[in-house]
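Take this structure first; my questions come after.
Chain naming follows the written order as A, B, C, D, E and F, and within any one chain the residues start at number 1.
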Amino acid sequence: MKHEIIVDVKRDHILNLLNSGKRIDGRAFDEYREVSVEVGINQRAEGSALVKLGRTQVMVGVKLSVGEPFPDMPDSGVLTTNAELIPLASPSFERGPPDEDTVELARVVDRAIRESRCIDLEKLCISEGELVWIVFIDLHPLDYDGNLFDACTLGAIAALKNAVFPKLEDGRVDYKTKTEEKLPIVDTPVEVTFAKIGGHILVDPCLEEEEVLDARLTVGYNEKGEIVAMQKGGSGTFTQEEILDIVRRGREKAEFLRKHLPGDADGKN
Amino acid sequence: MKHEIIVDVKRDHILNLLNSGKRIDGRAFDEYREVSVEVGINQRAEGSALVKLGRTQVMVGVKLSVGEPFPDMPDSGVLTTNAELIPLASPSFERGPPDEDTVELARVVDRAIRESRCIDLEKLCISEGELVWIVFIDLHPLDYDGNLFDACTLGAIAALKNAVFPKLEDGRVDYKTKTEEKLPIVDTPVEVTFAKIGGHILVDPCLEEEEVLDARLTVGYNEKGEIVAMQKGGSGTFTQEEILDIVRRGREKAEFLRKHLPGDADGKN
Amino acid sequence: MKHEIIVDVKRDHILNLLNSGKRIDGRAFDEYREVSVEVGINQRAEGSALVKLGRTQVMVGVKLSVGEPFPDMPDSGVLTTNAELIPLASPSFERGPPDEDTVELARVVDRAIRESRCIDLEKLCISEGELVWIVFIDLHPLDYDGNLFDACTLGAIAALKNAVFPKLEDGRVDYKTKTEEKLPIVDTPVEVTFAKIGGHILVDPCLEEEEVLDARLTVGYNEKGEIVAMQKGGSGTFTQEEILDIVRRGREKAEFLRKHLPGDADGKN
Amino acid sequence: MKAGEPEEFIIDGKRLDGRRVDELRPLKIEAGVLKRADGSAYLEWGGNRVLAACYGPREIHPRHEANPQRAVLRTYYSMAPFSVYERKRPGPDRRSMEISKVTRQALESVVFTHLYPMTAIDVYIEILQAQAGTRCAGITAASVALADAGIPMKDLVPACAAGKVGGHIVLDLFDIEDNYGEADLPVAIVPRTGEVSLLQMDGNLTQEEFEQAFKLAIKGCMQVYEKQKEALRRRYGGSQE
Amino acid sequence: MKAGEPEEFIIDGKRLDGRRVDELRPLKIEAGVLKRADGSAYLEWGGNRVLAACYGPREIHPRHEANPQRAVLRTYYSMAPFSVYERKRPGPDRRSMEISKVTRQALESVVFTHLYPMTAIDVYIEILQAQAGTRCAGITAASVALADAGIPMKDLVPACAAGKVGGHIVLDLFDIEDNYGEADLPVAIVPRTGEVSLLQMDGNLTQEEFEQAFKLAIKGCMQVYEKQKEALRRRYGGSQE
Amino acid sequence: MKAGEPEEFIIDGKRLDGRRVDELRPLKIEAGVLKRADGSAYLEWGGNRVLAACYGPREIHPRHEANPQRAVLRTYYSMAPFSVYERKRPGPDRRSMEISKVTRQALESVVFTHLYPMTAIDVYIEILQAQAGTRCAGITAASVALADAGIPMKDLVPACAAGKVGGHIVLDLFDIEDNYGEADLPVAIVPRTGEVSLLQMDGNLTQEEFEQAFKLAIKGCMQVYEKQKEALRRRYGGSQE
């Protein structure tokens, strides 16, 4: 009960500010928090990234192993996206098997990566029907201050672009010897999340906003600006107009986020 | 405590009726509720049945897959019987891994099917020691109003008789193409359950009777009327005479139930 | 809270006795309880032992099966040590997956066996990279009256020395036919546990002592008296001098325990 | 092209199952089909067979999940082992967990939960046979089961997907279209306000395609809504909704 | 014929382990073998080695399982990993869960549970070595452990199986008979009334064979009962039961 | 000799990573690196990257774990899936469970738990990148996180291992030494008293070697202690400890 009342009070405070055109952390309604992306920060992972979105910090590791392909996709590598909401990162995260929120996070990030076909999975086939590369993306929030969807998608694509293959010998991986060959990444999808609070639409909700939002909409865009994934959240609703508006406005936010990805080795960005 | 007292009151009520020769739903002591068996009601299963025993409804699906035989039975198919007591079907069923009651239900139904050798498992061998058919029987109560043993065994045998093999190509199953070949079913075991309440013996207990019974005895019979499975339940006891009597009387009840199985394609039954 | 107070009272009692040079069960500070080791007490296990340390009783079974070696040790057998703290053995043991204490027990016993290289694992290779013997050591306390580390390590080594290979035919084990060939055991490590209570150092704590101890130190020794494993426990601390002293004194206790191992078939020991 | 992928999805203006691009699969809903549940609904939608049951408001276990200001709505989506071609192992998987969550969020806004503080309202959705679109079928059945249980609600919640197959925007994908098509967009709405309570998408859509598909899905929802109301009328009589 | 199956089960009137058809395997029971448990029993029955322990009446966890009218009897049957030829993985499997349940139902009718409301009486059965018939051995040991713990009971509960092997009705199957025989019929009784508290069967029996086996099993139970009483007399003295 | 095993561990008086036998790997500690945690520390120690967070004193769940006389200290050691060469499956394994336990026992003696009865103090240790010695790194980071959270403590708890490689006693093993060496001896101490709160060993050491390694590890702990104090000074200012 205590918790409920505190949420109500917080909500009133945030809503009063919004009604006078202000967000609780001083940002404009369509403004992201400060974004930073560092890659190559983990020597054990084949690819890695540390993303900061304000005080939200997410580490993403990409590990590559080998195994059998799925029977119905014999010439295609395998992609697996996993999230862990470790209790180190927030008092609201609990130990134990993945809960609904953890699973949703992993699946929504996976959706943008999978549906944009950003990894050329056919290039991950080693021997058709027998041996393919398996790409593990591990989403690992370290400090949770809101909007994990956008931070994790950005971190995942940064870590994928950072990844190099380890050496393969006789069908086994030598993890201690890395090659210079990069993962075949052909697109850079990003996700953009908007929150609705009392009729106001805000991009990149911070934790305090997330705790009181009515509804949330995450939209994933590929490099062409096409939509590759969507996920509505929250127990409230959006009007149809709000949705159409968010989808249109999100595209430029996606461009903004994509600019924070580190450049390729060849200078392209 | 509330629950206990309600059970006591219910028990008194049911017992008073029984003492004057009546059951709570008006049936005779040796009378089954209305029985109906529909087969082929599921297009994804290789065999299926929907059994109604009064208001108890059970769906049973038979799925066929292929795999390795057990090392000590290299030329024999594999039978697996599984039950799920989904919380949709009763306020007393809980989510989570199978509990004692779920496991007992699956094992007692399995016992009649296995011990009557009603499936000719040797005909399920595809390649000795390497590849055999695996028969999954899934018992899926939808509305629980008592006596799942009898309803599930009847549904299982109806679904088995309904089942046809899917197409097999290069050791893999093409589930979308069904053949006309039926599972080799050579007997039709059924189970008959009696309840004991205050010294009265009743066939086919409904839920209200189950909740107050002292003891329960389920007996499985093959087509010859031989006994192939038994399971006593409940925390009370039976006299030896009661058991001998139930086992003798159950045989004709088994005949009664078996008549509700749909006829074979060739007109037998 | 009740529990806490009882522990405080017990602790005062035990400590008062210790201050006057006495242990609660009358032993000297450096005295083990009566030790007995019986082997070959289980016909289903390849090797077995029942160890009694006072009223503590532990059964250990060694089972041998075959399987693939680890990829990085293709010519080496596999050792697996497992403990179960079954609730039959103590009111403080609970059902469910292994808890911290169970895992620690298994790992500390495993450590002495593994690090002393007492099993010549290379002799367990059947076919390099393909098939090796797997040694399962199951630690199974039956009555818990303190000091499971020492009892289980002693039981494990006794059961290992007792073990004979079952017959192997075509890569499968015939468990019903035992050979006369013994497991290749080349050392007999034992573990010795000391407890610290209010500054007093005692060997082989009984349950009442364990419940009130400040700290615990278990040291494993091989036949040469070298140290092969150590584990400090308890929420208190040891001085550096106490540790050096325990490690020196433990060696002769290890000799004492080792004497209780049954002799080899060839009369050695 | 994946094994089993059709060369074309629309032939002579008809889809592979004979429908027009903006046509729903046949949909039948029946309310009040179970004895034990407080409310229930059975739905056949193309090759989908879905049962939904509602229990509640009832005592909540574990107790610490109770909310002193309102009822807690809990929704569980689950697939029978024999509901799909390859037998599904019993128990929740990651997909079911996500669908359970979005189903709850699709329904929460219409239920007057504040009337029943400290209680649980539990909704169970069981997919007995699946042919794509089971989450929309489940939400549709669930809101009828809630109504059948007498839970006060602002409105029913119909759900329907649109998508893109072979370059065409179509309504209510069936399994071949779902497996080999380019995008799937499930939507649920609160008809009286037109507001959207479920929205997911996977695949690839341009802005224009998205807008077209979104509007088509909402039209589909309105057709589903009529079937929901009919089912309740058949059960409870009366010609008004 | 399965690998390892004997050609005949009875040769010159003797079974493969030398017994007559109506003869029990050697049975030894010892009460009070454990320090920590409130009551315990150890049993050797042919090649079975079984330990049973009773804790209680004691506080119940989790609390909501408590019953204000009587003690809750909980029974847990479990097999040690090294109790069978192929190592058993630790933890309950489906067979153990079923045996735990029928064991509880075999014992519940004799325990005066109403004397200890709000408490638990826990009985743990550990199979240390198995040679067929372990559920009967477990029930037999468990009721001695309950008595050793001082739990008031109407009677002890002895258990014994009969079965059919090679066409013969025999008492107390050992492993070869159990693996390759035609039927197994475990029975537990309350000797003072002769009533039956456990009855299971798998295999194939005619009506007549069933009646014969059932009566033989009950005779076996009465022999087991004598061994139970002897064990308690040895532990507690006195020549009356 | 195992695959990858070096022929010598010490060449020209230097170890394979260039250190002297009694030299620590480079160690950097930073306190207060997380927003959400009540206290936190980040540590780089050779190739180890470790994050520790402290929450508490706070309400304890489940409630029955509460202690009316003191706070309950709970410690959880866990490895990120990408912290090791072969991806680690998420969730606790047996090794993590043991390390969590000894970590708690290493820290319990310094925390004034009696000041916060009925509460929990939770410490989470996350290994982001591992290069041997992670339990010592975790304990070292954890006690800084506890201090950063303002939990009253008698002292910090530095930890450091010594070991034996190629016949030499060395300080602070890195991964090659840990994998192919002869012994590893992790130690944690309470510097103000010199007492030992963690001690484990695996491998093979004579009495003399043990004593030498033990003393070397304690010297290592004292160096680690200086780094811990520096980190807290940098965070909170002041030149006194």
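Please note the rule applied: a contact is a pair of C-beta atoms (placed from the backbone, for glycine too) under 8 Å apart; a residue touches a chain by one contact, two chains touch by 3 or more.
What you see is a predicted model, and the numbers here were worked out from it, not measured in a lab.
Via touching contacts only, the remaining chains, with chain F excluded and nothing moved, are held together as one piece. Under the contact definition stated at the top, the chains bordering both chain D and chain F are A.
Of the chain pairs C-F, C-E or B-D, the one whose interface repeats that of A-D, sharing more than half of its contact pairs by residue number, is C-F. Mean C-alpha position of chain A lies 48 Å from that of chain C.
Look at where the CA atoms of chain D average out and do the same for chain E: the two points lie 51 Å apart.
The centroid of the Cα atoms in chain B and the matching centroid in chain F are 58 Å apart. Chain geometry summary: the mean Cα position of chain A and that of chain F are 32 Å apart. In chain E, no residue touches at least two other chains. For chain C, the set of residues that touch two or more other chains is empty. Taken as a graph of touching chains, this assembly is arranged as a ring, one closed cycle with exactly two partners per chain.
Going from chain A to chain F and on round the loop of contacts, you meet the chains as A, F, C, E, B, D.
By the touch rule above, chain A contacts chain D in their complex via residues 1, 4, 72-73, 98-101, 103-104, 106-107, 111, 114-116, 217, 222, 225-240, 243-244, 247-248, 251. Here chain E touches chain B in the complex through residues 2-3, 67-69, 94-95, 97-98, 100-102, 104-105, 108-109, 185, 190, 193-207, 210-211, 214, 218, going by the rule given at the top. Chain E meets chain C in the complex at residues 34-37, 47, 49, 51-53, 55, 58, 76, 78, 80-87, 90-91, 122, 124-126, 128-130. The residues of chain A lying in touch with chain F in their complex are 42-45, 48, 55, 57, 59, 61-63, 65, 82, 84, 86-91, 95, 97, 136, 138, 140, 142-145, 175-176.
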